[in-house]
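In what follows, chain A forms one complex with chain B and a second complex with chain C.
Up next, the complex of A and B:
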């Protein structure tokens, strides 16, 4: 009975959060922002955390999703959310195209290759008139129908994001416990050993990369629906990739709830420090942000959740 | 309840009443939310604009004797239309991202309860931040974003005071046509621009306008503002040797081009720079002597002594420790003054009253700190009297050479350089 108490309380809290902060729009929006960041970081976690292939170019997929949504609106007049499946399909194809050559690279070389691809796509997007060039494209300025998802309140976004995150974490959980999860962990520990045991390392890394890309694209589409604008920097910028990595690493890469914990800490930290200190104009926000990352990297290199895992292993002993 | 506590309570209540009464005497300040890039790539521009707005608020709150002779709002003592309420600026950092800009807009509206918003420098961020203001029905005044689509969204709460890229293109075009009429060669024109949002968008607007006006752009060179060598580009220019060269550049690349052109010893007959890098104090301080005769545009023209821009510039100089108002800071300050004027006429801080007052704005040229012909908004919220002046580098300083009404100097051509 006691086992279910804490998770139960957390689930109820997650469901009731918008009601608890009902008349404080900033906090309502903060909840949605945390979930959105958690979706992106959890998507990254599949390939970066479980399979240990540290991609620093996931903004490519995020941007594909965001641009797919804004392009169907700009060029076809459809609601942006209808671009989400298109972005996901394109991202899977792109992941295959990028993954086949680059996933052969090991360690840092893979990370460097993903950065290169990310920057390449960013530069190309800024010269494409179809994508609005360097100026970017805006979604519907005023909501036409409810499908445009232009809400004044952040509550609908909160529940949409919560649903998507729950689905993604459920899927990750199934993978983690299934054959693929074992394969990925084996590849992460030692690819050579995994291969010698008959694991088709290349294939499973690629599967993980494609799945990860698809959900990163979904995060991008959802971002566009909420913010209504994307340009090369906010779609394909390297900071987006880095944030995914940092959030997952902070909470615990390769752990189911790691990215969510990371988002729960970093997103409020970013918002509050900017609200409190940003107006003074000294870039103080980023100093605090950076300092916390340094401290965690120094003292808890495997993420915050590793604290709890360490304790629970001791219990078993 | 003991007598002791009762007495304390009574005293407390009395004090409280006094406090409320005291509060009613001094009007609560009017809060204006200001969103600027205070960190990130454009932090310099944002922080200079922030200081310009602070100067503006100080003038309205505390008064300035010289300005009061021309500007009714500069008498001090806050906004007379709001019973002397002072203006309180609440600054927020957009961090150079559309997401942060929108988040901060929501915070300023819902937590700080600002009466109106000003911002947000980068066009993309102005787009997302003003969308939030529109949905909440809060006026948003933009002073410096030039993307054309901002005023095409059918918004009712969005007002833009700045001229847009098309106005710049027209200013160059009419300047070049005048030069042509005066017998200078303008047959071939080279357009050299950096390849991000700013450079690309301004270049395409100039190309369109010039094509309409029959000016021949013979060469177009796009480059990355981060590049550390521009010899290939300058050699291309040297080979084609255009009559007119137009730069759309940021600071470090402007410096690089200036130095490389001198090294390779090539200069065109007329050289025009689209503000930005060539107006940066860092550029002007170090390289003014290398670009004598450079033609530029600006929303800031110091004007005659005792004029509004001249007086504000003196105050701003004191605040920044020696920097003059420039194109960006003056446009921010102008947006603030327009909003302050509207607030004063609104006679209250209800959003609808401010919106109505903004729509009725009719400021004349002599009230302008920026080089506009005045401020008057069309149905889309664009200032139809926005304009910019054409300037020329003379012995380390930009002076105004066109349009005729504002010119303090005659143009001297051809371009002298070093």
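Up next, the complex of A and C:
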């Protein structure tokens, strides 16, 4: 019984969070933002954490999702959320197109190639009139139907994001325990050894990359639904990619809950830095934000969850 | 060839030499200890602010700013090595990204906090205007930056390949344990590499500040350019960074002139992806 006590309390807390902070909209919004960031970082974790292919260009997929959602509204008049499946399908195709050439590269070269592709897409998007150029595009200003998901309160978003994150973590958990999880970990440890044991490393890396891309795109679509606006910087900017990496690495890359832990720390830190001080004072709090990241990298290079690593090691029976 | 085209190529080469210089620090670190410094762009940014400070506080021009920036950013490099990099370099690659990105944020917002978000520019008049030679117009600040960029990059290359210290550093990068058995102190060599990389980066920043706006976030743009140059040239190769920098400078100028300024980055990135596809180790990298 005792085993289920802590997880049970956490689940109840997660479900009841909007009710607990009901009259404080700032905290309601914060909860939704944490979950959204956790979705993006968990999506990255599939290829970056489990398969060890450190992509620093996942903003490409995030931006595809966000733009797909806004484009179906601007050009077709559909509710933005209907762009989510389109963005996901496009991202899978794009992941295949990027992944086939770049996944052959190892280590830093793969990271650099993904950065270059990300920047290429960002620059191209700012020259495209269809995508609104450098100004970007906005979603529905006034809600037409409930499907536009233009809620004033953050609570509906909170539960939508919670649902998506639960689904994504469930899927990741199944992958982790299944054949593919073993293959990915083998590839991460030593690709050559994995190949010699008959793992088609190229194919599984690509599967992980495509899956990861699809869910990053979903995160982008959800972002658009909540914020109602995207431009090249907020969709394809390198900071989006880097934040996914940093959140996952901070919590513990390649661990199921690593990205969520990272988001739980970084997002509130960032939000408070933004709101606590205006103007130049914000510089000081972001310095602390940077310093905290440095200290964690210095003393816990495998992420915060590595503190509990011995407890979380699963016994294979 | 029309003189406009020559003009475009020459200005591309001058710009490329500066790209080469600020990328050579990154490639040195990357090649020597397999660490990608995500704070590299912010090192350049601080080099630029050093030049601005030297001008506003002391009234000194680039000849005062260059050595001061070299010393300051060189010291910053050594400090980063001893306080952070030394501890994370043996960890997973993600810890290196995390650590150096944290450092980047720290430096960027330290500059933001101290200097404010406003763009700062140095007056053109510090490096005497422009002159014409054989029908080609040269801007003094860019010529100075290009020539010094070329000279410092070549000097760095010669130090690494032609001197005893360079051989020791190479030995450490090949096999730190074996080097240690030969009486070389790996940490001292690595700290020296960070010092040299920092100094080169600081010089590059001080030179760029003469014709580019200085702001706390300028490092992000420059860092991406440096990543591309280094991967293009082959990691660890200063000569590769030089060649790649010159190529990128010329390609940028030419495509801005022939296709349109918006597309110059697009063409550089496409070129980069093509190089990675056909020659993943870069132009001069070891296979």
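Here, the second predicted complex is superposed on the first by the 304 of 317 C-alpha atoms of A that agree within 3 Å, B and C clash if a C-alpha of one lies under 4 Å from a C-alpha of the other, contacts with A are read in each partner's own complex, and residues count from 1 in each chain.
FYI, a contact is a pair of C-beta atoms (placed from the backbone, for glycine too) under 8 Å apart; a residue touches a chain by one contact, two chains touch by 3 or more.
Everything numeric in this text was worked out from a predicted model, so none of it was measured.
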For this session: Between chain B and chain C, point out the one touching more chain A residues.
Result: C
For this session: With the two complexes superposed on chain A, say which partner A:135 touches: chain B (first), chain C (second), both, or neither.
Result: first
For this session: Classify the contacts of A:286 with the two partner chains as first (chain B alone), second (chain C alone), both, or neither.
Result: both
For this session: Tell me which partner A:201 touches in the superposition: chain B (first), chain C (second), both or neither.
Result: neither
For this session: Please indicate which partner A:41 is in contact with in the superposed arrangement: first for chain B, second for chain C, both, or neither.
Result: neither
Exercise. Between chain B (first) and chain C (second), which, if any, makes contact with A:104: first, second, both or neither?
Worked result: second
Problem set entry | First, second, both or neither for A:165, with chain B first and chain C second | neither
Exercise. Given the touch rule stated above, what does A:253 touch, chain B (first), chain C (second), both, or neither?
Worked result: second
Exercise. Between chain B (first) and chain C (second), which does A:127 come into contact with in this model arrangement: first, second, both, or neither?
Worked result: both
For this session: Would you sort A:25 into first (chain B), second (chain C), both or neither based on which partner it touches?
Result: first
Problem set entry | Intersection of the chain A residues that touch chain B with those that touch chain C | 126-127, 280-283, 286
Problem set entry | chain A residues within the chain B interface of the complex | 24-26, 29, 33, 126-127, 133-136, 138, 141-142, 150, 152, 223, 227-231, 233-234, 271, 274-275, 278-283, 285-286
Seminar exercise, completed: Within their complex, chain B touches chain A through residues 36, 38-40, 43, 46-47, 50, 90-93, 95, 97-100, 102-104, 106-107, 110-111, 123-124, 127-128, 131, 134-136, 147, 149, 153-155, 195-201
Seminar exercise, completed: chain C contacts chain A in the complex at 30, 34, 36, 38, 84, 87-88, 91-99, 101-114, 116-117, 216, 220, 224, 227-228, 230-231, 235, 262-263, 265-266, 269-270, 272-273, 276-277, 280-281
Exercise. Across the complex, what residues on chain A touch chain C?
Worked result: 48, 54, 56, 101-102, 104-105, 107-109, 111-113, 115-117, 119-120, 123-124, 126-127, 238-239, 242, 245-246, 248-250, 253, 280-284, 286-287, 289-298, 301-302
